[in-house]
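Written below as structure tokens is the structure these notes are about.
All chains are identified by letter, namely A, B and C, in their written order; residue positions are counted from 1 within each chain.
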Amino acid sequence: MSDTPGDTPRASHLIEAILLTSSRPVTVGALSSATGLPEAEVESALYDLARRYAPGESGILLREVAGGHLLSTSPECAPAVERFRDEARPAPLSGAAHEVLACALYHGPLTRSAISGVRGVNSDAVVRNLLDRGLLAEVGTDRDAPGSPALLDVTDDFLIATGAASRGDFPPLETLVAEEELARVRERLQVEAPRPPEST
Amino acid sequence: MSDTPGDTPRASHLIEAILLTSSRPVTVGALSSATGLPEAEVESALYDLARRYAPGESGILLREVAGGHLLSTSPECAPAVERFRDEARPAPLSGAAHEVLACALYHGPLTRSAISGVRGVNSDAVVRNLLDRGLLAEVGTDRDAPGSPALLDVTDDFLIATGAASRGDFPPLETLVAEEELARVRERLQVEAPRPPEST
Amino acid sequence: MTLDPAGRALSDFTVELDVYSGPYEWLLALILKEELEIFEVPLRELVGLYLSARDPGAPNTLERDTDFAGSAAALVLLKSRTLSPLAGEDEDEEGEGLSPQQLAERLTRYLMVRRGAQALRERFAANAGHYPSSHLLPPRPGRLRIDFERVLEAARRAFSRQAEPPVDHLGPITVTLQELASIIRTALVRGPVPYEELIRDMDRLRSAVTFAAALSLAHEGHLRLRQTEPLGPLTLEPLR
């Protein structure tokens, strides 16, 4: 960070922000590489945060689980959180979200960049939201691609939400889109043949 | 430790925990219903939390947007969050997109052709893109117009993305252009000075 | 003519031309409302004014250039439309009989929206980088409903987009500046080229982008845009 010292966010702030956006435990190593801070500094910031998010201090706890660090709701708040979960109306999905789900449904498992490629726009933020909502999941990695990016697919929750018993309930892509257009999509995906929706 | 052990959790803790589990703004009403606390108590707890999650105090901010309250990362921590997720920040909107949104914000709900009318150019492609991004939505139809075209308006996502608590958060359109500028427009068009405003 | 380095994109750019003097965005609005004949606007002078007022060190130079090239391209588009109106194109009938008052009202409305848009741009920028929590609880089974038909519709849309070149409006640009810049460079090898000749076989979108490409090349010093008289043809001349 090339800012003047006054502008540089504190280590604990950076870590707090990262932990808010991760539903999985984050290791000290991952925090260090995202923040650019040495591990010792990360450890010391985590120590400060553990006091800020301690039982009795906050409704949010900083917990050390599975070799990483995770924010979670305090057990004493669980009844209120459960009531909120029951009462909250799920946010509707955007047009972009429907498209990303359709990509994964018909061409999944596929990588983030393949989704963006098919749609013609960067879709990372939409993918992130769908992962958070449990409608997409990472199901493996594409070992042939540089960096071995994650492969994404629709989840059972998605199928349940659409009222479909299985992928087979969706009509084949060929009945929705002209063959020549599908050829272009496949070209972008560099896939030889379309996968029938049944094969999960 | 400010609580007596085993006691009911503090209002601010309950709210903090609920807000952790939501990626959308939560209304005071919803917080009150989930916690079983009166709205006044919720408001006062939110006031406390706003200080805990204030800029400079934390990497997480409590924001009042789109009629509710939302925890989000502080913008100064955004680079670290983006590195952690290995995601690019979404591309900024085009000038045309900002104009279309301004039409909907200040003159909405309105039809596609009304938007094109104000801008002097066809705006359908821009509208499509904004619908896709969830910043505009169809909120009804104009029954008086032939073909009953859809009426468009800005969405909660728009309010969230602009950090607005409500539509009222934006400066009135009349204040955006100085009266002397308008006078010069009229002068160029050789229009007489406007009559004193009639009662509308 | 002044340009505030930290100012809004193009709103502070004023022009002094024979046919018009005042803010550039008003000029644009006047032409869009067909109150000012596009042929009367000497494009070369306009570009010259812009370039001489341009501050390459300003923080929003790229934004400003993009806006200018975009609006200049829109002007060329209008010009080509005026030259060869498409059959069946329903031109704005009410545009003909607008009184100065009505026009002033419309212009005012447009200017306000334009300013509103600039204010929005700043708000979006100021509020970027706020990421929400990822600690979401899945809704109870059955609470979230996804419309089956909407998924199919989205599939149709996502997988058909490749075959849908949008050229009937100023939507997504399907040709690149680089591509057209190289066409211009090739044409200039043989000497000066009239702009009209360059775009003779091009559709509106390509001719508009060609103009933007020419502006960009002129700015880089590869060519000169020459217009000898206000109503005369525009010629591209090689410089290197």
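Note that contacts are C-beta pairs under 8 Å (C-beta built on N, C-alpha and C of every residue); 3 or more make two chains touch, one makes a residue touch a chain.
Small disclaimer: the values here were computed from a predicted structure and weren't measured.
Engineer: Can you name the chain whose C-alpha mean lies closest to the mean of all the C-alpha atoms?
Structural biologist: B
Engineer: If every chain is reduced to the average of its C-alpha atoms, which one ends up farthest from chain C?
Structural biologist: A
Engineer: Which whole number of Å gives the spacing of the CA centres of chain B and chain C?
Structural biologist: Here the centre of chain C sits 27 Å away from the centre of chain B.
Engineer: Provide the C-alpha centroid distance between chain A and chain C, rounded to the nearest whole angstrom.
Structural biologist: Distance between chain centres: 36 Å.
Engineer: Could you please state the distance in Å, as a whole number, between where the Cα atoms of chain A are centred and where those of chain B are centred?
Structural biologist: 24
Engineer: For chain A, jot down the residues that touch at least 2 other chains.
Structural biologist: 17, 20-22, 71-73, 81, 85, 88, 95, 99, 128, 132
Engineer: Check each residue of chain C and list the ones that touch at least two other chains.
Structural biologist: 131-137
Engineer: How about chain C: which of its residues touch chain B in the complex?
Structural biologist: Interface residues on chain C, with respect to chain B: 9, 22, 26, 29-30, 32-33, 35, 66-67, 70, 74, 100-101, 103-104, 107-121, 123-137, 166, 169-172.
Engineer: Could you pull out which chain A residues touch chain B in their complex?
Structural biologist: Contacts found on chain A: 1, 7, 9-10, 12-18, 20-22, 26, 30-31, 33-36, 56-60, 71-74, 76-77, 80-81, 83-85, 87-88, 91, 94-96, 99, 122, 124-125, 128-129, 132.
Engineer: Under the definition above, what is the set of chain A residues touching chain C in their complex?
Structural biologist: Residue positions touching the partner: 17, 20-23, 71-73, 81, 85-86, 88-90, 93, 95, 98-99, 101-103, 105-106, 118-120, 128, 132-135, 157-158, 160-164, 170-171, 173, 176-178, 180-182, 184-185, 188.
Engineer: Touching residues of chain C toward chain A in the complex: what are they?
Structural biologist: 131-148, 150-163
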